[in-house]
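So the structure is just underneath, and the comments pick up after that.
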Amino acid sequence: MANSKFEYVKQFEQPDSLLPNTWIVVRLDGRGFTKFSTKYAFEKPNDKRALDLMNAAARSVMSELPDITIAYGVSDEYSFVFHKSCTLFERRASKLVSTIVSTFTAYYIHHWPTYFVDGPPLSPPLPSFDGRAVCYPSVQNLRDYMSWRQVDCHINNLYNTTFWALINQGGMDGTAAELMLKGTFSADKNEILFKKFGINYNNEPEMFKKGSVIFRNYELVEPGTKRVGEEAEEMSSAVPEVKSKSQVEKDKKARTKAKIVVEHLDIIRDEFWERRPWLLSGKPGKVPKEP
Amino acid sequence: MANSKFEYVKQFEQPDSLLPNTWIVVRLDGRGFTKFSTKYAFEKPNDKRALDLMNAAARSVMSELPDITIAYGVSDEYSFVFHKSCTLFERRASKLVSTIVSTFTAYYIHHWPTYFVDGPPLSPPLPSFDGRAVCYPSVQNLRDYMSWRQVDCHINNLYNTTFWALINQGGMDGTAAELMLKGTFSADKNEILFKKFGINYNNEPEMFKKGSVIFRNYELVEPGTKRVGEEAEEMSSAVPEVKSKSQVEKDKKARTKAKIVVEHLDIIRDEFWERRPWLLSGKPGKVPKEP
Amino acid sequence: MANSKFEYVKQFEQPDSLLPNTWIVVRLDGRGFTKFSTKYAFEKPNDKRALDLMNAAARSVMSELPDITIAYGVSDEYSFVFHKSCTLFERRASKLVSTIVSTFTAYYIHHWPTYFVDGPPLSPPLPSFDGRAVCYPSVQNLRDYMSWRQVDCHINNLYNTTFWALINQGGMDGTAAELMLKGTFSADKNEILFKKFGINYNNEPEMFKKGSVIFRNYELVEPGTKRVGEEAEEMSSAVPEVKSKSQVEKDKKARTKAKIVVEHLDIIRDEFWERRPWLLSGKPGKVPKEP
Amino acid sequence: MANSKFEYVKQFEQPDSLLPNTWIVVRLDGRGFTKFSTKYAFEKPNDKRALDLMNAAARSVMSELPDITIAYGVSDEYSFVFHKSCTLFERRASKLVSTIVSTFTAYYIHHWPTYFVDGPPLSPPLPSFDGRAVCYPSVQNLRDYMSWRQVDCHINNLYNTTFWALINQGGMDGTAAELMLKGTFSADKNEILFKKFGINYNNEPEMFKKGSVIFRNYELVEPGTKRVGEEAEEMSSAVPEVKSKSQVEKDKKARTKAKIVVEHLDIIRDEFWERRPWLLSGKPGKVPKEP
């Protein structure tokens, strides 16, 4: 074939399959969102429209990629988790990352007018995202990753809430507010919020305090006595399974029936994972009856 | 800090910087575009609107990422080339790939209504792209990569043009057309087109025959006697340079002034590269006087 | 400094640290040992001197690298296992592999005259080994790897024992013996051995049938009811621990005191691992009292 | 097959082929050689026996691996270069590194008694080496790597020669000598050597000053006007060649006939490479007539 003379260049493509039997996390981040959020006058410290748009885009990603088990988002970042048994795209890092980032971006642009109804339409430079994949060998590593992001959400949100209260309600400028918060602990910020501005941080919206977690919903399970993760290791084999075709079809059907929900829950404590064993086992739960 | 207990999970992030002093090609491809092109009734074998949209998106990518030297697109794929001296994002593969794919997707969705004026608006599932990065050590390898894509464009377009002529004008069904073309050479297809349908393949639009090449435009250079690539190796050092700040500023200005053009040229022959030495040298050319 | 002009070449070194919290197996294999074993007239199907030499070299490797948990050898190959919590050489693949392969080779050459007492001394080309590192995320994966090698040992040894009996005692040539064994099952080979040559395969030396396993020896533990591996996951945290200095010292002392033993045991069944919990926990056991 | 249940563990092996069309350098270093050289009373600053042994081991490596183009050694390190067109072991990093390190170690141990005739025989812990592979895309990068090592040799040797003269002849202790040399330039050290000890550094042995370079020897070529490297790029294609069988055989024969020589030359200047074009072209030169 005429093409063969040049085809040797394919040899330079290097494989990038991720280690089997590990949890894959693909995290994306907004590029230059400080500038972008100024351009479109995002509300500070949190813009509900912007967060709802992030959640809508992430929900669409999960809907188009049923292999994703759970996603967690805060601010302009989102983490998507593939079960350790996942073999999508032969686990190729660049394919997984680029597909998620592209799909997310497509929906972000597409849904923009739905969420920013009164604002100006998007104009170049357009918002975009970058991403990367990381492997976590054990359930504990994965849960610690999720906890890391949620603790980060809490710390940043408490800081930002206080910072912007000092500015918007306290009349400070940014430098003064920054100086005032330097070296303070959580308790100090809570007190500033309450004493100065009558704000009880606990009453802030859950989405701001906890971020957003997205997953397929099945019937909740009564928490048992087993250690979480231990159960998961038992339920999902380390050995690549050869599922029967009918089982694969059944699982697929169950997943399609399941509703993808966006919640603002504590994902650090065991309870979240104990009551939703399908997240760690990789096996779909029982689809709840429609009321 | 409260977060430190979980922060160890950052240790699982593995570096993915690409080998220095190699040309980086990021190629993206449409995901499931056969189905997608049917949904939006793309014209066969080529839909000018779809190709113009691809080109517009690629042009925007180049405009937002001045480190990209040249891009080449055909059908639903696009290749972006970073000069071997490029140090953008510390040459991290996932960052380079995800940024390009995300930016491209954003503009593809955004510009859709401009190019598909009379068609239905986009609706889920939205178009998306995946991508990967490949390193090429030498100018010859890079040019062979570009040639590979352009030869592929030619072979596919000649086939598709004949195939769809047999169907649209010849009244065949797909199976019959496929059977008829099996084992034919280029000359055969040219003859079928000409004898059966009065089509002179040479008169087909350049964009369909050659694909699209995008680059910053400077004054063309009279082709000399030097071997291309040789010159490039001389002009762009293998050693990471420490450019003076004023040189960096000057280069940046030149690049910003340069017009990004979309052309449909032969990129296989030396002439294309000889007349545009800035592509391989990585040094901006002379900005042409406005007429 | 005068050297700085060239020092940029260090930038081309790419990191190759292995994923944390995974078991690292470094396996080495003899290079061209078919030819080598002919040159030195190794006994077929097993040469006790050659296997003892392999074991002696592996034992020395374990002695010089206390981070190695367990090793398993058969024929001209040896696998060395680092605990998933190991941080030796920052887990760099090339450093781990080259150090083990080099140390092993050094002792193999050095101990040769001790084991091949009556044979000719080594002469070029000298025996050498190559190696590679593989990561296993879970205890089950690791044990399956070890089982894979031991099953391989069994299959090959049964085949070779029969093959060489047919030749050495049965007077066949290689081609005839190969043909005769084609398509046979284990039972068939056992029967040939017994009926034709009066050999009861079960009575063959354990080293030939099971290969060799090397580890630090502590007091055996009464097997409990816990699933192996489960226990291991509990006992050895997925989180990088900050051990107190005195604990590190204590562990080191215990390891130094422990005797490194070479055994020929079944490492597929749970019992082996249950009675030696230190192998999977990474925590030294109780040093047995000297008798 | 009985083994299939465990064979899935092979899936965890990850490919590590090095980028095609790049020069591969495998560098090995002695492990803990400060301690080792004390144990065997190496002469300071250079022990001729130890360097000769390093060279003998490296020579044997080159003899067993004809794919190696050139090697350069200094102190307890050695670098081996594979031509950019090399496809040995499918360019797998761990296989290349481990094979070289193992072969080198084997000969180091084996030849020890030949070079340390009067010293004590080797005893555990035995000397060993670690290694790593690095890719260099261009001839300039490769030559800069080689120059980097030779400049390092020079700097270290001048320092060490002066340092040990101050101790052995000047009666200083290490701390005083170190203090005296702190912040000195080359000229200062040359002067100390000459004025204090009557040593003309230029008259020191070439092996100490320049290190050792090993290569296959062919007839030297009259240096022409062509830039080195340029010629190399022309002579050795970036495209994987399909050589005729007879050509491969001819090249192999030429390589086998060629003598492997150990020299102490300046490898920084062009002349070394210009007169030995086979080093960069990868094509064997003309075997010199025996005198």
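For reference, chains read A, B, C and D in written order, and residue numbers begin at 1 within each chain.
Just so we're on the same page, contacts are C-beta pairs under 8 Å (C-beta built on N, C-alpha and C of every residue); 3 or more make two chains touch, one makes a residue touch a chain.
Not measured: the values here are computed from a predicted model.
Common neighbours of chain B and chain D under the contact definition above: A, C. Counting C-beta pairs in contact, the pair that comes out ahead of the other among B-C and C-D is C-D. When the CA atoms of chain A are superposed on chain C, the rotation angle comes to 180 degrees, reported as a multiple of 5.
With chains reduced to the mean position of their C-alpha atoms, the one farthest from chain D is A.
Mean C-alpha positions place chain A and chain C at a centre distance of 43 Å. Averaged Cα coordinates give chain B a centre that lies 50 Å from the centre of chain C. Computed centre separation for the pair chain C/chain D is 32 angstrom, with centres defined by C-alpha atoms. Annotation for chain C: residues 8, 12, 14, 19-21, 135-136, 141, 144, 239 touch two or more other chains.
Within the complex formed with chain B, the residues of chain A that make contact are 1-3, 6-10, 12-14, 16, 28, 31, 60, 64, 92-95, 97-99, 101-110, 122, 124-136, 141, 144-145, 147-148, 151-152, 155, 186.
On the chain D side of its complex with chain B, the touching residues are 19-22, 84, 135, 137-138, 140-141, 144, 230, 233, 237-239.
Interface residues of chain D, counted against chain A in their complex, comprise 8, 11-12, 14-15, 17, 19-21, 239-240.
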